[in-house]
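So, here come the structures, one by one.
Each of the next two complexes has chain A plus one more chain, namely chain B in the first and chain C in the second.
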Partner chain A sequence: MSILVVLLSLAAGAYALAVIERWAVHGHLSLTGPAWAALALMGRESLLARKSDRLFFELGPVLLLVAGLMAVAVIPLAPELIITDLATGALFLNAALAYVLVALIMAGWGPNGAYAMIAGWRFLGQFIAYAMLIVMPITAVAMRAESLSTVEIVASQAQLWNVLYQPMGFVLFVVAAMGLAWLPPLDLPDATGELAGGVEAEYTGVRLAVLRLARMVIILALAGATVTFYLGGWLGPWLPAWAWSAIKILVVAAAMLSVGRYMPRIREARYLALSWKLGISLALANIFVVGVIALVVPI
Partner chain B sequence: MTIAGAQEGAMYGIRRAVAAAMARDLTAFVLPGPSVARSMGIDLANAHLRLVGTPRHANLLIVVGPLPPGLRDAAAVTYAQMPRPRAILALGAGDIAPLPDADVSAPLTRAGLRSGLADLRRVIAAGAFRADTGEFNAPALEVRVEYTCPMHPEIIRDAPGDCPKCGMTLVPRETASDGHGGHGGHDMPREDRPNPADHAHAGHAQDAGGSGAYTCPMHPEVISDAPGKCPKCGMNLAKAEEVESHGHGHGHGHGHASHAPSAHGDHAGQDDKAGGSGAYTCPMHPEVISDAPGKCPKCGMNLVKAEEVESHGPGPGHGHGGHGGHGKQQDHSGHDGHAGHGGHSKAAIDGIEPHFMSMVEMTKDQPRSSDGLQMDWIKVPFGPFFPGLPAGLRLTLTLDGDTVAASDATSLVGATDLMDGPQMRVADFVERLATMMPLSPVSYRALACAAIEVAAGVEPDHDARRARAAAVERERIASHLNWLAEFGLQSGFLWLAARAGALQLAVQGADVAGIATQAGAIRRLSRRVQAAPLMRMRLRRIARIGKDAPASGPVELARGGGSDARTGDPTLKDLGFEMRVRNGGDALARLRQRCDEIAQSLDLIAAAGRIAVPQVPDVDRVSGEGEARIETPRGTASLRVKLANGKVVEADLDTPTDVNIALVETVTAQQELGDALSAVASLDLSPWEVRG
Partner chain C sequence: MTVQMIFLAFFGGAAVWFGVVVFRTHSMVRSALALLFSQTAIGAMFLVMQAEFLGVLQIMMMATEMSVMAIFMVMFMMDPGGMGKMDMTHQKRLSLWAGGIGLLAALLLVWLPDWGPVALSVPGAHEQAADLGRELLGRSMLIFQSAGLTILTAMVAATMAAIVPNAEQRK
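For the complex of A and B:
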């Protein structure tokens, strides 16, 4: 039952994000736009690039979708509303999202096009830049909750949300999440003005629809993770638990989707330098600070 | 009623709904580009369609204005890359062959765009699907098969046969009849995608070794007369012959990347002549030679018979590596890198996995990057319709990883003659020059008028001069806003792209009062752009040019100094013009310089009080010669004209893009791909201005 509810809300969320993304990219807000676009994509020729690596080309978008769905499985929308409350939920989320990299490299390599291939390699090059900054803040969150279960993590924030308890971790996690979901200004693997769509450049028709859907699911999963780890998940007064989750997740996702509209894309080299040198040091410092606080003032 | 590029299928049931959705959800790719469309006053941002950056995601091709002949083949390639159903909307485009006839044609006006799109939606809703669809063919899409020798790449024949040099059977290779397409690397739907067999290098190992000398197995360019260590990597030098015969095999494998896999059998045979004395050697370390079988002292691999190594040179080790790697990465013309494996795997060598790939062998003969690493080089075409690069510019980047190893910028627009006959009426000449430059028509109109006035010895009155100067300044604002919009598109700063584009359209034809109402918004935009997060990081120290490189316009002034054609103009001095310069010479300084110029032009227009597009001077059967210079938005342009009996008989034009396009190579060298593209964009080139 809860699986069905989660999946339905996922579909609704993905649609809402498509509406927001359309606004962020094309500047017009249209509630029916994504529905028409999806229907139109169904009828379009679904091209297979010549000399493509068929297996990688076909599997890339599907694997991306699977990775996103697996990550969603451990996001609690309410205490009982979760597909599976794994004891190692936070770790599982990270493991599921590791396949985003694999999927993107496959999607980049598959079509045998230069733009897509460079885009795929670019994402590979950024791997440490975002992956460390996903894992290390999660470590600090788990330290406070004394559990890797996502439900426990939300419950641990009853007194004080983690966004206030460990703000540095929050900032690092959100930035890394945007890098992982290749959202502007960290959208190096699809970079419209540099790679003409990058990994998406060779996909058309139904395959493109799957790729777009998969990306929305990834963004939702990451927004869900942000809310779970830092914004108190379903916690909140007056409204029912699921409503708080939905509101928070949509607000976080909308912010992640639209912030890139107001700044240029980061340079690849700067992104790597900042993530490695500054990001990882700060993440270590965060673990240390959270450790000290957890020992001294247990809340 | 169907569209030419309809998708195959009968129009029934669910397809009607899908076709209706397609008509509603138009995704458009614009030719020559959104910046040209805006310069012509076409507002695509508010046309209820989505502009996309690749033809793969578009179902509508909008051709804005007459398409220069040089861009038409690339346009056909772009069209072929669009998935069906695909439609063409031509706005005042005239002849667009080899593109198919436009599904809807409309005049080049805002009303034309509106009605054209409305018609198009009807056509798509009614005819997106059709039972019988034809293939789209154009000469630019044809793939020619040519035959070449695997050993001697310089031998190219139209028919199969033997190589005149070595007698080997020539192998077929696909090549495009036209060397370049719109978006290179994109494969075409159904039709085979033409693509030049772009080889960044044709390294043949046999060139590397000197006779009898010692050389490094890793660095073939290191040659020494005596044994010793390699100065680059410290490895022991090996006898050149050894390296050579070994490298030979690799040379083949490498060369094969561009050839059909069938040729490999021939090779193994060829190389037998290189067979050694029957000693044992390490497949990885040719310098290890032993009389008896055993293990390599360096890497512990089983030694193999020397003959085997040599005769199977292009075999499992190299050949496979060469193919798997090269066929895919380096050669994007789409040779099937995998087909070659089967034949090779049979020739297994003891102690080596059949699919063992040696990076050392694979990359040995390739050119080195600046950091000393050897990587696959790919040649990637950008443009002439690349989002974020000037429309009409074909930029070919040779990428070493994601670093630019070499670049080539060419205008595909092609220079048209200034004169359409031996003599031209003055008014026709002015009109011709203005329409030749769609990105800055007013400046070139003013330039033509000024040159003719000098030649004829007529002086326009004070007011006319001020109004004309104001018109050029207005165009400067619009042009710089257009550049900002393009830069926003390229760098993903989409708010900037939308805002600057809208302001450009608002300013373009406005009068003094109209500009005054926009002035506040324009100044705010300019402040906000410079203060945007990540902006400094994005542009600082990118595309730096030295003080001595020739440059023009904002590119020159932004590196401190240079000249502005406006300084000597008494009219502009009167309006309060002062030359603005900036120190820096990087892309950030250029952005700020353009923002400064926008602010200054706003002041100049306010001071002039009136804007009037220059009127063709009245010259009555005068003869004479004259030259005029004007500061166009991109830099100083100068025009010399000769009049005879009131007709233009000779004209000669120098443009700023002619100067600035030469900087492309400098500013992209050794830059990361994204930086290189920002660098090219920062020069604000107009391919229409390229004459040389």
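For the complex of A and C:
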């Protein structure tokens, strides 16, 4: 039952997000826009590059979608509204998201195109730099909750949301999440300006529709993770639990989508250097500070 | 128990089959990703055996590791796409011997020692994670920390050895 509810709300959320993205990019709000765009993609011819690695080309978008859905499975929308409350939920989220990398390498290598391939390998560098900034802040969150279960992580924030308890971890996690979902200004794998669409360059028709949908699911999963780990999940006054989750996730996702419109894209070498030199040091400092706070003032 | 055995056999078979694919394909990326899916199947076997933390950890770690291996294979092999039909195998006799001896050793290790009684009840996933944490930060801490530090030192040293200083830095 809760699987059906979560999947339906995921579909609704993905659609809402598509509307918001269209609004942020093109500047006009159209409620039916994404539906027409999806229909248009369905009707369009699906091209296949010559001498492509057919298996990877077809599997890439599908694996991306599966990875996104797996990640969503451990995100609680309400105390009972979660697909599976794993004891290792926070770790499982990382495991699912690691396959975003595999899917993008497949999608980049598959079509036998230079831009797509460069983009796929570029995402490898980006992902390895930023995976640590996903894992290390989650470590600090789990330290406070004394559990890896996402439900217990939300419950641990009843007194004080983690965004106030460990603001540094919050900032690192959001930046890393944007890098993981290749959102502008960190959209190096499909950098429109230099790689002509990158990973998306060779995809058309239904395959592109699946790729776009998968990316929406991943953005929602990461927004859901941000809300679960830092913004108190379903916690909030007056409204029912699921409503708070929905509002928070949509607001975080919309913020992630909008930020990039006002910032220039970062050069890749600088972006990676920032992660390795500054990001990881800050993430380690965050773990230390949270550890000290947890020992001295247990709240 | 039988359902568990069926799933265990299925994922075990998948792990072996993907392992065979590694050597059957000519494409370096396919080869690396086949190894990844072989390892993922082993992670799934851990999950079937109710070792949740280990399973999830295996599935997570291998994704990045095998992807990194894929890019190195593409960089160093002469025919990474496998479209030139180049034979990239060598030292076949040695490999056969090494493989045979490895298989024999694994079989002996399975059959010969007395493994003791099979665990009939497994602690819950929460307790497992907690127990693992106590083990890693207690009795086994010295071993794991020194291994970790050694690997880190090796990585830093390898990176330093690999970096070719450019003209500006040499001054």
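Here are some notes:
The criterion applied here is as follows: the second predicted complex is superposed on the first by the 299 of 299 C-alpha atoms of A that agree within 3 Å, B and C clash if a C-alpha of one lies under 4 Å from a C-alpha of the other, contacts with A are read in each partner's own complex, and residues count from 1 in each chain.
The rule we apply is simple: a contact is a pair of C-beta atoms (placed from the backbone, for glycine too) under 8 Å apart; a residue touches a chain by one contact, two chains touch by 3 or more.
All values derive from a computational prediction rather than experimental measurement.
In the superposition on chain A, contact of A:P298 is made with neither chain B nor chain C. Of the two partner chains, chain B and chain C are each touched by A:W121. In the superposition on chain A, contact of A:P237 is made with neither chain B nor chain C. Touch criterion met: A:N94 reaches chain C, while chain B stays clear of it. Of the two partner chains placed by the overlay, only chain C lies in contact with A:A131; chain B stays clear of it.
After overlaying the two complexes on the shared chain, residue contacts for A:K51 are found with chain B and with chain C alike.
Of the residues of chain A, those at positions 51, 53, 109, 112, 121 touch chain B in one of the two structures and chain C in the other.
Those residues of chain B that touch chain A in the complex are listed here as 7, 15, 17-19, 21-22, 24-25, 27, 45, 48, 50-54, 56-57, 59, 83-85, 128-129, 183-189, 192-193, 328-329, 332, 334-336, 378, 380, 386-388, 399, 401-402, 488-496, 498, 532-535, 537-538, 672-675, 677.
Contact residues of chain C toward chain A in the complex are 27, 29-30, 33, 36, 52-53, 56-57, 59-60, 63-64, 66-68, 70-71, 74, 81, 83, 124-126, 128-129. Considering their complex, residues 51, 53, 55-56, 86-88, 91-92, 94-95, 98-99, 101-102, 105-106, 109, 112, 121, 124, 127-128, 131, 147-149 of chain A touch chain C. Residues 22, 24-28, 33, 36-37, 39-40, 42-47, 49-53, 109, 111-118, 121-122, 125, 184-185, 187-188, 191-197, 200-205, 208, 260-270 of chain A touch chain B in their complex.
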